[in-house]
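See the structures that follow.
Two complexes follow with chain A in common, the first pairing it with chain B and the second with chain C.
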Partner chain A sequence: MNVEKLKSAVREVLPSVDAVIGYCNGSDPLRAEPCFMKDEKLVEEMILNPLCVHNLTSYLPAEKRRVAVVVKGCDSRSLIQLLQEGLVKRENVVIIGVPCRGVVSVKKVRAAVGHEKVLSVAFEGDAVIIKTASGEKELALSDVSPAKCATCQYPTPLLYDVLTGDPVEPGKPADQVYDDVRKIESMSLPERRAYWEKELGRCVRCYACRNACPLCVCTESCIAETREPHWMSQKATEREKMMFHLIHALHLAGRCTECGECERACPMNIPLGLLKKKINMEMLELFGYKAGTDPTDKPPLFTFRPDEERIEEHKLP
Partner chain B sequence: MKEGYIKRAAWAPFVESLARRCQVYAPCEEGETVRFRQIREGDPVCLDHPAHGAPKGVIFPQSETLFTFTFSKDPDEPQKTRVSLDAEPARSHAVILAGRPCDARGFTILDRVFLEADPYYRERRERTTIITLACNRCFSGCFCASVGGGPADKTGSDALVTELEHGYYIEVLTEKGADKLADSGMEDGAAYRDEAKKRQDGAINGAGVYTKVRPELSASDEFWQETAEKCLSCGACTYLCPTCQCFNITDEQGITTGERIRSWDSCMFSHFTLEASGHNPRSRKSQRLKNRVEHKFIWYPEVHGEPACTGCGRCIRHCPASVDISRIVTLLSGREETHDAA
Partner chain C sequence: MPDIETNREMRIVGFLCNWCSYGGADTAGVSRFKQPTDLRVVRVPCSGRVDPLFVVKALLSGADGVLVSGCHPRDCHYSEGNFYARRRLEMLKRFLPFIGIDDRRFHYTWVSASEGQKWQQTVTAFTKEIHELGPRQDKEEILVER
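For the complex of A and B:
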């Protein structure tokens, strides 16, 4: 991740767009924040390091201006999907790609330092050095990365106008991408039910998962809250919470690019990515389709083919 | 005020005996999450760091049934529909155990809104005892001492527990607190007063955030548009907050029966202010974030003399877009930087 190259790319792009969406330091040393640069003033403050966790393409569907956006490999898949679905117009976005060797999970780092106030964060090679009032702690980046990074297949953006930095070769085990889903599937049905009731029982219905999701675009008419039609009640029961999360997952069938924003945004640490990955596993099996990998492709549920290669037709007598 | 001491080994039996007498809500670890929930026998209470959400829901639940209704027809007069209502107020006693001083203080802020006007809240509030755990360090986002609280602030608590090297020093602050600690096996605490005082004073307290917001600075649309640009408009900040009090009331109805429920609502959602006419006075997220901050740091203090924020830091630590209310109010106080609290 080369921040100087990024800054010069941003300076070059700035005159042709209304804003560049990138990252700068947050008020807490452990957290970067999305920043919207309209002139050169903020460019010097840009950062590029494993704290740059947010998927900035989530801001694009609501964006009315012509903007440039900084994307990592995983983020570029969301953007491809948004372009495929016509939710973002290609001519309205300049894509600044940054190859990525993994980001941190802020939640994991916090847990590793006992949730104390972080005073400083430094990166040396694959080590993350965290300073708190209790002292300094060195953590391995791979130990405090979100699950998606351990099996990342697309460290280099798949679509960009300018790439800042040398491409990173994918080297993570492709056959392990869905191991976490298989682990859940190996549970018995009552075990699985108990697992999800416990996990989803923590949901506070804040909809951070929905609002952070780049592909969740229903905005004001989300079925979670509409009264007409009145699909869901506002009760905070496990049944209602599960209903919402399953609908969220199903609406992303063939669309979710596994960027993990739902899970990252969840303030209650619910493993929401698993639900979406399960459906992606099915999409891969049924349609051989991976969302957000080819801008010219169409999501399988947006099309109809009389003969699907991998689906056995019901034979009418 | 009475003081007492519970040895470390006597803590778990104390919690268990309490849980046998009433509903005890305490921070419990679920994987990497700490959640306030009713404890079952043998559940360890997490004393290491604050729960992800405030214990607000024990007294002001995420959703609650106000009453149920049933429609019925009289066969002799089928043109008429009768409706019968049924409400069942809370009757059980509860203890909020090991919330933090910022959590307890939060209830005093909610009280001014609900206590007189709202029988549902009042009933629960009166039946709930708050046994608070003093903080021994500063967690990410904390700024309690900047809004009138502190790591051992007693506001809103019925008893305050300070963790010592070999046990727990207990300050009993109210009759309710005394009642719940009556058969706790507590010994006299006078000998531990100094050690506790030292610990309480030694805790880093999150002072140094300027919170005297100047309304004229908050009047700038440009400031709010820039500040809110990264906001995702979700309700994480409001739902984890110990003092956010907005709610919605909906009828969740079947064919002949239904219930009227009250559930948390969030001023960060766009349809929170959507009017029946279709007009929305706060359709932009910048207007909504401005409202949230101004409510806490301008309007509420104007009426009640203190901010509607206890500095618990939850909205800061858990915001998916790194929005930081302590930074916002610092800028609105006319300062550039917060003090380094450490």
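For the complex of A and C:
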């Protein structure tokens, strides 16, 4: 992640677009903030480090202007998916790719320093140095990065107009991507039920997961909130919470690119990505499809084959 | 058919397409085939109309089983509705166990308007299976009163 190269790329692109979406320093040292840059003065304030966790492509479906956007490997998959579905027009977006060696999870860092106030953050190689009132603490980036980084298969963006920095080779074990799903599947049905009741029971129905999701594009007409049809009530019961998360997961079937924004946005630390990963695992097995890897592809549930090779008819006993 | 021991009916929701399966169920009725009475039928224009969320909503609202039936593949009244349905419903069937719902509580199949006999067999077998699975154990707090 080379910020100088990024800045020069942004300066070059800026005259041809209405805005550039990138990152700048946020409200405290541990947080970066998405920023929309229209003139060159702001470009100086751009940052690029493992704090740049946001998936900026979430802004694109609602964006009317022609913009340039900074994308990491995982973000580029979301963008490809949006392009596939026609939710973003290719001619309206300039893609500035940044190869990425992993980001941090703010929640994990905060936990690692005992939720003390962070005074400054520095990065040296693969180490994260956090300064708090009680001293300096050095953490390994891999210890405080979100789960998605541990099995990242696409550290270099798959689609870009400009690539700033040298491509990063994917070196993470590919067969471990769905290990967390398999862990749940090793439980019995009642155990799984209890697991999800415990996890989803914490949900406060803030809908941050939906709002952060780059592929949740219904905005005002989301069926979780419409009264006609009335899919869900406003009650905070387990049933309604489960229903909401199943709506989210099933609406992302064959579309989710596992960018992890739902989990990052969740204030209650619910492993929401798992629901979507399970469906993705099945999509891979049934249709050999991986969302957001090929702009010319079509999501598997948007299409069909008259003879489905891998779907067998279910027989009743 | 109420369970002999508990004298209780199960709640089974059926989504049948207007053109084939609903006709098939009608054929079974007109032919006076004996059928269990646990199934409540919802007629939909096409199996492609069945959103996987219909099934989820039914199960979360306390249904003991959900049956979806449409025209045989290649025989859809709208040419391709059931092809889409097949992909979606297969995805759902594989997903349900992940959240702790037994996938035997959900079945999807194809029954044409002339297959009264097949309809009877399907309903009988599915109802029997649901009776064997018993009422949902996991729904104390999600259940509406019986």
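Here is the rule we go by: the second predicted complex is superposed on the first by the 312 of 317 C-alpha atoms of A that agree within 3 Å, B and C clash if a C-alpha of one lies under 4 Å from a C-alpha of the other, contacts with A are read in each partner's own complex, and residues count from 1 in each chain.
As a working rule, contacts are C-beta pairs under 8 Å (C-beta built on N, C-alpha and C of every residue); 3 or more make two chains touch, one makes a residue touch a chain.
Because the structure is a prediction, the values reported are computed rather than measured.
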Partners on chain A (chain B, chain C) - clash or fit: fit
Partner chain in contact with A:Glu225 - chain B first, chain C second, else both or neither: first
Chain B, chain C and vertex chain A (Cα centres) - angle in steps of 10°: 90
First, second, both or neither for A:Cys259, with chain B first and chain C second: neither
Partner chain in contact with A:Cys100 - chain B first, chain C second, else both or neither: neither
Chain B versus chain C as contact partner of A:Pro267, first or second or both or neither: first
Partner chain(s) touched by A:Leu215 [first = chain B, second = chain C, both, neither]: neither
Touching partner for A:Arg202 - first (chain B), second (chain C), both, neither: first
Chain B versus chain C as contact partner of A:Leu189, first or second or both or neither: second
Chain B versus chain C - smallest C-alpha distance in the overlay, whole Å: 10
Touching both chain C and chain B, counted on chain A across the two superposed complexes: 237
Parts of chain C lying in touch with chain A, wherever the complex brings them together: 52-53, 56-57, 60-61, 73-74, 80, 83-84, 86-88, 90-95, 97-102, 107-110, 122, 125-126, 129, 137-138, 141-142
Partner chain C, residues of chain A touching it in the complex: 181, 184-185, 189-196, 231, 237-239, 242-243, 246-247, 249-250, 253-254, 275, 278-279, 282-283, 286-287, 300-301, 304-306, 308, 311, 313-314, 316-317
Residues on chain B engaged by chain A in the complex (per definition of touch): 30-33, 35, 48-50, 52-53, 61-63, 137-142, 204, 226, 229-230, 232-236, 238-240, 248, 250, 252, 261, 263-264, 266, 269-271, 314, 316-318, 320-324, 326-327, 338, 341-342
Chain A residues touching chain B - in the complex, by the definition given at the top: 26-28, 30-36, 54, 58-59, 107-108, 110-111, 114-119, 133-134, 198, 202, 204-208, 210-212, 219-220, 225, 227, 233-237, 261, 264-265, 267-269
